[in-house]
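Just below sit the structures, each encoded as C-alpha cells.
Here subunit A shows up in two complexes: once beside subunit B, once beside subunit C.
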Partner chain A sequence: MMNIPRKELLALGAGLAGVAVLAFLPLVTEGFWLSLSVNIMLYAAICTAWALFSGPTHLVSLASAAFFGVGTYSVAIFIDVLPFPALILIAVVAGALLATLVGLATLRLSGVYFVIFTLGLAELLGQIVTWVQTNFGGTIGLYVFTDFTETHLYWMLLALTVVVFVTGWLINRSRLGLALRIIGNDEAVARHVGVDTARTRVILFAVSGAFIAVAGAIMAPRYGYITPDAAFNPMTSFLVVIMALLGGTRRLWGPLVGVVPFTVVMDFISGHFPNQTAVIMGLAFLAIVYVLPDGVTGQLETLFRRRRSIDKSLLAASAEEGR
Partner chain B sequence: MLILLTGLLLGGTYTLIALGLTLQYGVARIMNLANGETLVAACFVTFWLYTGFGINPLLGLLVIGPVAFVVNWLIYTWLMQPLVKRARNRGMLEVDSILATFGLLFLFQGLMLQAFGGSYFNYEFLAQPFSIMGNSFGLNRVVAFVAAAVIAVALYTFLYHTDRGTAVRAVAVDPRAAMLVAIDVRKTAAFAFALGGAITACAGTLLSTFYTFNTSMGVIFTMKALIIVIMGGVGDVRGAVLAALVLGVTETLVASLLDPGLTLAANYALFIVVLLFRPQGIFGKRPA
Partner chain C sequence: MSVPLLTINRVRKAFGGLVAVNDVSFEVAKGELLGLIGPNGSGKTTMLNLISGALSPTSGNILLSGQNIAGRPAHKLARIGVARTFQLVRVLPSMSALENVIAGAVFGHNRLWGAEALALARVLLERVGLKGREEVPVAAMTYIDQKRIELARALAGNPHVLLLDEWLAGLNPSELRVGIELIREISEQGRTIIMVEHVMDAIRSLCSRCVVMNSGTKIADGRSADVLADPDVVRAYLGDDHA
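Our next item is the complex of A and B:
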C-alpha cells in the first residue's frame, strides 16, 4: 500500500486543478497568446525533464537541442508512413537511445567531460543530418503536413508536462530517487553503500532525454518544413538551462517558476531587439551564478527557513523570560 | 603528404589555443567556455589593426598578447575568485565556473555581434605560395605555424626552466601541497589564467591571417581546444602539442577525403575514442 504524505496529496490536488484550468485556455484565447502559451508549455515540459536529470546530479546537460532535434526528425522521416502516436514512440526510443550512448561514453567519468560532450552534440547531429541529406537524400529539409492546430499542440504539450511531473514524482519515491539523492549529497558515500552511480545516472539521463525528444516530436508539425539548423538549434539547450536554473531545481515545480517569465521576456526581446538576445542570455547566466545560485525557489525557501528559525528562537526567548 | 603537412600547419595554431585553455583549466581550475570568444576577439582586433592602421599582425601580437593578459587577469580576480572562495569542493567550482563563463561567452558574443555584425571576415596577409617538399602552401599558414611554434617553445621553457614556471606546474599538480612550499596559490592561479588568455589571443591573431572568421565561431574553437586538452591530459604541455597535431591532421584528412562539412564529426570521433580508451590523456597516468 502506498502511503502518500498529506502535503503531497494537497500538491496533487492543486496540480490537478491547475491542469484543468490550463486545459481550457485554448478555448478562450487564440493567435498570439495561444502561440506564446504553446512556447511556455514547450519549455515547461523540456525544463522539467531537464531538471529530472540535471537537478539531483548537478551535471549541466547541454544536449536538450540534440534530443529535441532527434524527436523532430523522428516525425519528419516517418510522417508519411506511420500514424502520429507511433512517431511519438519512435521519438521516445530514439531519445532514450541517444542519451544512453552519450551517458555510457561520458557519465562514468568526471562531470566536465559530460558537459563538454553535450556542448557540441546538437551541432554534430545537425552536421551529420546535413551531410546524409546532401549526399544520399537529395534535398536538405523535409516536409511535415498534419491537421494539427496550435490548440492540439498545446494540449499535447500539456499532457507531456503532466507525464513528466508524474514521472518525476514517482522517481522521487522510488529506489532510483533515493540513490540519486545520495549521489547528489556525496558520491563517495553513494559508492560505499553500493549504489551503481554511473548506471543510475545513465538511466535517468535516458528518461530525461526521451521526454525532450517527445517535445521535439510534438513541435515538428508547427515547423512544417524541417531543416537541420532549425531542429538542432543549440539555442534551445542554453535557454533550457537558464530557465530551469533561474527557477531552481531543488523542487519538481521549480523550473516552472523560471519558464513562464523568461519565455515571455525572450519572446519580447527576440521580437523587438533580435540582436540583443545573446547579451541578455549572457547577463541571465551571470545573474544566476552571482545572484541566484539556487534559483528563485531555492532563494525563497532559504529566506523562509531563516525567518522561521528566527521566529522559533524569539519564541524560545520569550518563553524563557516568562518563566 | 599534402594532407599531412596541411594538417600539421593547422595543428600549430590549435596547439596554442589548447595551451591557453590547459593553463586556465589545469592550473586555475576554471573551465573557461568563453575561451573561444577570446580567440575571436583577437581575430577582430588584428583585423581592425591591420586594415585600419596597417599594423602587421605579427607586430599586433605584441599589443594583443599583453592586453589579453590584463583583461583575463581582471576577469579572474573580479569574476572567478569569488566563485573559488565560495566553492566547497571541486565539483561546485566546476558547475559555477561553467555557468559563469557561459555568461561571458554570450555577453562577449553579443557585444561583438553589435560591433561587427554576423558576416564573415578575412583579410589578405602574405597570401603567396611557399613550397615545402614540392607542395605549395600559403605563406601565411607557414608563418603562423612558425610563430605558434616559437610561442609554444617559449612557454615550455618558461614552465620547465624557471622558478615561476615551476610554481605554476606545482599548483596544477596540487594546490594544497603548493601552498605548503610557500607558493602563493591565488596569485599563481590568477597569473596562469591571464597567461592562458594571452596565449589564446595570440592564437587568434595568428589564425586570422589565414582563416575566415565570424562572431559566432567561438564555441567551435572552444570545443576543439577542450578535446585537445582532454586528449593530451589536463595541464600536460607535451600531450597538448601532440593532441593538437593529431586533431589538425585528422580534420584535414576528413575534410579533404570525405566532406568539409564533417570536421566536427571528426573531432567528436576522436573525442569518443579518447573517452573510451584513454580518458586520462595520451601521457596521463591512471588516477590511483
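Our next item is the complex of A and C:
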C-alpha cells in the first residue's frame, strides 16, 4: 500500500484531538447547548455522508429524508422486541438496501431528473407508511421509549461522525475513490478507462444511505413519538444540501465547515423568527449557490491557489529581469 | 498475414432506419498499424465506438484473440485490453497530468495500483513528451498537450488494441510532425493500433494498410498507396469528376 502523506497524518492527529475534546462536552454543559450540539453532530454526520456520494459525482440527492426516515422507522417498529444495537444494524441494512434499489433505478438519470426522483422518494415512502399505518396499524404514530439522554445521543452521533470520516478517508485512498473522481470529471472517460461506473455509483450511494439511516435511527429516541411527517420530512434533505454546499464538497471535512455555523444560525432564527424561517432558508440557499458555488472551503482554496500563482509569476518576472 | 488479433465480422449498426455501419468485415494483425479512413459521416467513428464498447452492434461479431467481444460494455472492454482516445479530446479537467494517466493504469487492462501505477504514469508522460509537467492541471494545458495526456492515459492500460480517433486532427504543421513521430514510435514498440484519420499525409507515412469506408460500407482494404489511388476511394472523397 501507499504510505500516508504527512499532511494527512497531521489532519488525523488534529481530528483525534478534536474528537477527544468533543467527547467531553456533555460533562461540562447541558440543556440548550447540549441539545444544539446534538443537532450539529447530527448534521455533521448526515452532511458528510451525503457528500461522500454527491460530492464527487455531482449528483444532488434529495433522498436524505428517505434514508433518515427508514432509519427512524427501523427503530420505531422493532424497539420493543430487539436491543438498540440490533436496531442500528437493521437501519444500516435497510438504508443500504433502499439506496441500492434507488441507485439501480436511477443509473441512467442525471442532473435534474435524479434530483426529482430522490425528492419524490422521501414523499412516496412517507405516504406509504401513512397508508400502512392507517389501514393496518390503527394509529399514525409509533412510540419510542428508551432510557437514552441527550448525552447518549450526542455520543452516538459523535461516534457515527467519526465512522463516516474514517470511511470517507479510506474510500479516498482506494480504487473506489479514484473511480469516483474520474466519474465526476467525465463519465464517458471513466467507462473507457475501465471503471464500472454503475457499480461504483451504487456502492457509494448505499454507503451514504446506510450512514444517513443510522443517523435517523439514533435520533428516534429523541422524538419519542414517530410520525411519517416528521421522519420523512423533506426539510431534512434540503438542509443537508444547503449545509454541505455552504461548506463545500471537494474535501471530506468541507461539509463540516458549513454545518456548524448554519446550525447555530438556524437555531437562532427559528427561535426568534419562527414564521420567517422558511423564507430565510430559501434566501440562504440562493445566496450560497450564487456567491459560493464551491462552498467556503472551495472558495478559500481558489483564493489560496490564485495567491500562490501570483507569487510564482512575480517570482518568474523578477527572475526574468535579473537575467 | 499471421493470425489476426482483431476480427471484425459482418458488423452492422443501425440507428433506427439509418445504417451507420453496414456489414463491415476486416481483420487486424498483431502489431499492425491500420488506417481507417473515409469521408465525413462514413461510419468510421461509429466503427471505433463498436470496437471500444461505447455502442453495441446490431449484428455481427468482433473477435479479440478469438473471443467475441461484440456488445460488451466499455469498462469490460477496457479491462480486456481495448483503449481509445476521443475525437474531441477528453481529459479529466480537475486532475493533474499524472493523475489522468494513473486513471488509465489503475482501471485499464494493466490494473496497477499505488507506486507501480505512479511509476508507469511517469514513464508514459515522459514518452509522450510531457516530462516535468506531471503536476500541471490539465485544464491549463494546450490542445496538443491534452492530446498527449489522452494518449498516455490510453497506453497506461497496456491495451492489446489502441484506437485513435482523429488523434492528429487540429494540430498545426509542426505539432503534426511531432504527433506522427509519436504514433510511429508507439507502433514500432509492437502496439496494435487502429487510427481513424483525415490527415492523409499521416496515413501515407504511418499506415502500411488502410480500410476505407463510405456511407457505412467498406469500399477498399489494402496497401495504403494502392487504396488511396483506387478510383472508388477518390470518388468517395472528391466526387465523380475526379475519378
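Just so we're on the same page, the second predicted complex is superposed on the first by the 315 of 323 C-alpha atoms of A that agree within 3 Å, B and C clash if a C-alpha of one lies under 4 Å from a C-alpha of the other, contacts with A are read in each partner's own complex, and residues count from 1 in each chain.
As a convention for this text, a residue touches a chain if its C-beta (ideal position, glycine included) is under 8 Å from a C-beta of that chain, and two chains touch if they have at least 3 such contacts.
Not measured: the values here are computed from a predicted model.
Engineer: Let me test your reading of the model: by the given contact rule, A:N275 touches which partner, first (subunit B), second (subunit C), both or neither?
Structural biologist: First partner only, subunit B.
Engineer: Which partner does A:V28 contact after superposing on A: first (subunit B), second (subunit C), both, neither?
Structural biologist: In the superposition, A:V28 touches no partner, neither subunit B nor subunit C.
Engineer: With both structures superposed, pick whichever of subunit B and subunit C touches the larger number of subunit A residues.
Structural biologist: B
Engineer: Is A:I116 touching the first partner subunit B, the second partner subunit C, both, or neither of them?
Structural biologist: A:I116 contacts subunit B only, not subunit C.
Engineer: Taking the superposition as given, does A:T197 touch the first partner, subunit B, the second, subunit C, both, or neither?
Structural biologist: second
Engineer: Once the shared chain is lined up, is A:A105 touching subunit B (first), subunit C (second), both, or neither of them?
Structural biologist: A:A105 sits against subunit B, while subunit C stays out of touch.
Engineer: Taking the two structures together, which residues of subunit A meet both subunit B and subunit C?
Structural biologist: In subunit A, nothing is touched by subunit B and also by subunit C.
Engineer: Across the complex, what residues on subunit C touch subunit A?
Structural biologist: The contact residues of subunit C facing subunit A are 52-54, 73-75, 78-79, 83-84, 86, 90-95, 99, 102-104, 106-109, 111, 113-115, 153, 157.
Engineer: Quick one: in the complex, what on subunit A touches subunit B?
Structural biologist: 58, 60, 105-106, 109, 111-113, 115-117, 119-120, 123-124, 127-128, 130-131, 134-135, 234, 238, 241, 245, 275-290, 293
Engineer: For subunit A, which residues count as touching subunit C in their complex?
Structural biologist: 1-2, 175, 178-179, 181-182, 184-186, 188-197
Engineer: Which part of subunit B faces subunit A closely enough to touch in the complex?
Structural biologist: Residue list for subunit B touching subunit A: 31, 33, 82-83, 91-92, 94-96, 98-100, 102-111, 113-114, 219-220, 222-223, 226-227, 230, 259, 261-262, 264-265, 267-268, 271-272, 275-276, 279.
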